[in-house]
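Heads up: the structure comes next, in structure tokens.
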Amino acid sequence: MHTSYEENKDVLLARLRKMEGQVRGIQQMIEDQRYCVEVLQQINALTAAAREVAILLTEDHVRECITSAVSGEDQEAMIQEAMKVLRKTLRP
Amino acid sequence: MHTSYEENKDVLLARLRKMEGQVRGIQQMIEDQRYCVEVLQQINALTAAAREVAILLTEDHVRECITSAVSGEDQEAMIQEAMKVLRKTLRP
Amino acid sequence: MHTSYEENKDVLLARLRKMEGQVRGIQQMIEDQRYCVEVLQQINALTAAAREVAILLTEDHVRECITSAVSGEDQEAMIQEAMKVLRKTLRP
Amino acid sequence: MHTSYEENKDVLLARLRKMEGQVRGIQQMIEDQRYCVEVLQQINALTAAAREVAILLTEDHVRECITSAVSGEDQEAMIQEAMKVLRKTLRP
């Protein structure tokens, strides 16, 4: 199950590089003593981006669990595997 | 897919009745002009309870999608069905 | 500080009564075995309503802290009081 | 009001640099095709760190609003200023 996001690897890395740029942008805003509400706006954007990466990973994993169960993997094991990921994403 | 939570129906109803009691309790706190921080504590407890109900529904649904896919339902349709529920829970 | 939301009491109670109706509506949906995605939609609506009540309480409290500080209450005590409420709302 | 977080500037920058390291760590985990649940754990840690920065900025701003109001700034303007920040943090 460890490579459930393999097909989306480039998409995930592109999003994470964008997030790295967002964090550096926020550092610069703090250096420049920009208005607090504008900084909060950028933090919200970063958090939303992180959420989307988590959703993508979760979707890939659940997809993999369904495919594996259909391909003959133990059904209950695949259900438990899907639940493990869901709980990690849903109870942060 | 519409009855994916059928086995958990009583659990869900018991939780929702408890939540109804929580909402009425918060109303009484407002009537009694209780301290704002205590009211917020109870609102947080209600929100956590609602989250747990959403998690239970989501888990039941994903479980049902896996079971149905293994039982011969169209695999891609089951994946899309699981995604639909995930997105509803993860992007509230 | 205990009655910081006094002026908004009726607004808060009206919202909480609507939330009570929402919880009962979700119970009925479960009884009727309605489609899981529709139930999740209603749970999201309930959670958003709870969030708005928390925001209203927090705003009233911070407003009260500012007013009290200007009226001669100890400034640092009022700052700490505002922080207490903020933390309760922001780290649920 | 634009420099409400001036005293915490170094703390904020230290936290943001740590967050930058977290984002790069997640990139490496994706490169290494690490197990999805471990990646989600790190995304949750990053989101929590972003939340703490937002809370710090919000607290500094509300503190500044109270101090300014006591120092003779228009009370209602300071209340509105505090509300603007609260809403940005509470409705991300």
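Order of writing sets the labels: A, B, C and D. Residues in every chain begin at 1.
By definition in this document, contacts are C-beta pairs under 8 Å (C-beta built on N, C-alpha and C of every residue); 3 or more make two chains touch, one makes a residue touch a chain.
Quick caveat: nothing in here was measured; it's all calculated off a predicted structure.
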{"item": "Chains touching both chain B and chain D", "value": "A, C"}
{"item": "Furthest chain, CA centroid comparison against chain D", "value": "B"}
{"item": "Approximate Å spacing (C-alpha centroids) for the pair chain C, chain D", "value": "22"}
{"item": "Shared interface positions of chain D, touching two or more other chains", "value": "51, 54, 58, 89"}
{"item": "Pairwise touch network: line, ring, star, complete, or other", "value": "ring"}
{"item": "Set of all touching chain pairs, with the criterion as stated earlier", "value": "A-B, A-D, B-C, C-D"}
{"item": "Residues of chain B defined as touching chain A within the complex", "value": "51, 54-55, 58-59, 62-63, 65-67, 69-70, 75, 78-79, 82-83, 86-87, 89-91"}
{"item": "Touching residues on chain C, where the partner in the complex is chain B", "value": "1-6, 9, 12-13, 16-17, 19-20, 23-24, 26-27, 30-31, 33-37, 39-41, 43-44, 46-48, 50-51, 53-54, 57-58, 60-61, 84-85, 88-89, 92"}
